[in-house]
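You will see two complexes here that share chain A, one where it goes with chain B and one where it goes with chain C.
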Partner chain A sequence: MRGYGAFIQKEIRENSRNYKFFILGIIFAIVGLLSPLSARFLPELMETLMDENITIILAEPTYIDSWLQFFSNINQIALVAFVLVFSPVMAKEYEKGTFIHMVTKGLPRLTIYGAKLTVLLLSWTIFYLISFLITRAYTLYYFPEGTSEGLFISVGSLYLFGLLIISLLMLSGVLFRNSYAPLLAVGGGVAVLFIGSIFPVIERWSPLQLATRNVEVLTLQSTDPAFTRGAIITLMITVMFIITGGLVFRRKALQ
Partner chain B sequence: MAVLEIEQLKKSYGTQNVLDGVTFSVDSGSVYGFIGKNGAGKTTTMTIALGLLKPDEGTVRINGEPVTYGDTKTNKYVGYLPDVPEFYPFLTAGEYMTLCADVSGLDKKESKKKISELLEMVGLENNKKRIRNYSRGMKQRLGIAQALINDPILLICDEPTSALDPIGRQQLLTVLKKVKEKTTVIFSTHILTDVEAVCDKVAILNNGKIVKQGSVEQLKAEVKTNQWTVVLETEEEAGRVAEALEIHPELLPAKQTGVKVEGTSESAADAMSIILNCLHTLSVIPVRVERKEPTMEEVFMEAIR
Partner chain C sequence: MQLMTDYFAILLPLIILQLILLVTAIVHLVRNDRLSQSNKIIWALVIVFVNIIGPIIYLIFGRKED
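Let's turn to the complex of A and B:
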């Protein structure tokens, strides 16, 4: 347990001193801030930028637009940045051989894997929470009529999708020594999900629903069985990736 | 008692046999030199002993317990110093040592004292720089400090001096000499002067096999020396001695270079007898008469021939 704590502390120091936490903190905060602001002011901005002769009719923005921006910004900016920043999580240690001193001091490999995974999961949770709280506060301020009905399921499902991506990032990090390989694995994984969702049979079971149907859940304020199935599948795959990663790392040659 | 026992160790990569039945043991309290040319299998043997690589066949025991691939329990007895140790560059030496102490499960209070003792021993006690700013020599010294944090009974050093300049090498060898008072050391290298400087026993590895092992003195004694040298006061004396020795066919060829007369013979003992007689007959007092002792380099070359 002491080794686990010490390794977590090392990971936190590393990510703080290499400015990874700082960069992600800024990105997630900007996403949190930008989502309600763009929902609120984008229509006005467009109106002022348009030629006087052109008339566009824009619906009055609501809290739904704010969360629509949030989901799309988290998916397209924050999660991508998270994966980019943490893609060398294992590769750097493989390349430099820094694991060897830890392992030869008797630190179990599963402790190393567990500590790295914990820091990734905690980082995702904290940054996502920061982003969510900022968006929530500004949405309440600009759109006081908004309701929180369905909000936590829609926000929670995207969080769960993030966990799936992180577990895939860790698994591919363990499997491949190259720091670009996890990027390709995550990118490839998401591409496979998109291709799969072309087929309705797969779509009804796909984890991708957790990242694409958030606004629908928020608007309808309820989920359907397909969405629930997607969430269960996501959880199962996440656990499977995490366990597989640990098992592979236990037997991985470190030299 | 043997701290490290290796029996019939075999490892191959594809068709290339790296280790082919390597067997040796390292007794407690000694510095064991493990020498061989590049690619002889030294690092592979050490990596297997650390549980970082799986052997095809054979067993390794440390302190009587078998080494297993993966999370081997025997690592609690071991300290490891690689040729180019890599650390977390964003940490200071103190922080890195604290991490190592925590990972090794040392008592908090005890570890503080131990860390300052070890950093003092390697001359890094007041260094607040991050490791990314360290020279290679400093990294190697930190490497030895971290390897000793858990009071290992066996210190495995894999070519620890190969990447260092002469001063760094000297510093490291001094530290190793200090360490050997408490810890058994196995020390792989291809720098043979380092072996002579610190090792009690030596094993020579060639083509995946141990071709010779024993104490440095034993191995040297096994190599026949047939060279002799006489150093005289003046060139004139050297000339007279060279001329006198020429009539002895068993000393041929006797060659004069300045005040030195050198040659080879079938038997070094016979040569000494003839040379001393000759000096006596000529009434010449030499500065030095010597049978040249074989160097470790000659021992090594003989072994791998």
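Let's turn to the complex of A and C:
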């Protein structure tokens, strides 16, 4: 247990020193700000940019637009940045052979794996929370009429999807030595999910629903069985990835 | 007037975040002795003129500390 705490401290110190936390903090905060900003001011911006001869009818933006922006920004900017920044999570250590020192000094391999995973999950949780709170505050400020019903399910499901991506990142980090391979693995995984969604049978079970149907859940303020199934499947796959990663790491050659 | 306050309330934190990012990257660049003078000038241009992404790219790929 002492080793676990010490390793987490080491990871946190390392990630602060090489600016990873700093960069992600800024990116998630900017995403949090940008979402209500673009929802609130996009129609006005369009009006000023448009030619006078062209009339476009834009609906008055609501709090739904703000969250719509939030979900797409988190998916397309923040989660991508997170994976990019943390993709060399294991590769660096394999490359330098630093794991060997720790393991020969008696630190259990699962402790190393667990600590690395904990730091990734914790950072995702904290950064996502920062982003969410900023968007929430500004959405309340700009669109006071919005309700919070359905909000926590839709926001929580995207969080859950992030956990799935992180567990896949960690598993592929353990499997491959190259620092770009985890990127490809995560990209490939998401691509497979998208291709799978073409088939209605798979779509009704797909974890991808958690990242694509957020606005629908928010507007309807309820979930359907397909969505719940997707969430359960996501949880199961996440746990499976985490366990597999741990098992592989126990037997993996460290250099 | 209301519109101005509305803009200001959200633009100010955004600008502050950008400035923090910019200053951190520039300070790191100036102190970085692993880069040659000409490389530093190119990075400085990238950091200053490529909004938000420039400083981030420098801090991820340009530091050369490992």
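Assume the second predicted complex is superposed on the first by the 255 of 255 C-alpha atoms of A that agree within 3 Å, B and C clash if a C-alpha of one lies under 4 Å from a C-alpha of the other, contacts with A are read in each partner's own complex, and residues count from 1 in each chain.
In the analysis below, a residue touches a chain if its C-beta (ideal position, glycine included) is under 8 Å from a C-beta of that chain, and two chains touch if they have at least 3 such contacts.
Note that the structure is predicted; figures quoted are calculated from it, not measured.
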item	value
Which superposed partner A:R109 touches (first chain B, second chain C, both, neither)	first
Chain B versus chain C as contact partner of A:R40, first or second or both or neither	second
Partner touching more residues of chain A, whether chain B or chain C	B
Which superposed partner A:F7 touches (first chain B, second chain C, both, neither)	first
Contacts of A:N18 with chain B and chain C, given as first, second, both or neither	both
First, second, both or neither for A:H101, with chain B first and chain C second	first
Which of chain B and chain C A:A253 touches, first, second, both or neither	first
Chain B/chain C common contact set on chain A	18
Complex interface listing, chain A residues touching chain C	18-19, 22-23, 26-27, 29-30, 33-34, 36-37, 40-41, 81, 84-85, 92, 138, 141-142
Residue ranges of chain A in contact with chain B within the complex	2-3, 5-7, 9-10, 13-14, 17-18, 96-98, 100-110, 250-251, 253-255
Residues on chain C engaged by chain A in the complex (per definition of touch)	6-7, 9-11, 13-14, 17, 20-21, 24, 28, 52, 56, 59-60, 63, 65-66
For the chain B and chain A complex, residues of the former touching the latter	47, 50-54, 69-71, 73, 75-76, 78-80, 82, 85-88, 90-91, 95, 98-100, 102-105, 146, 149-150
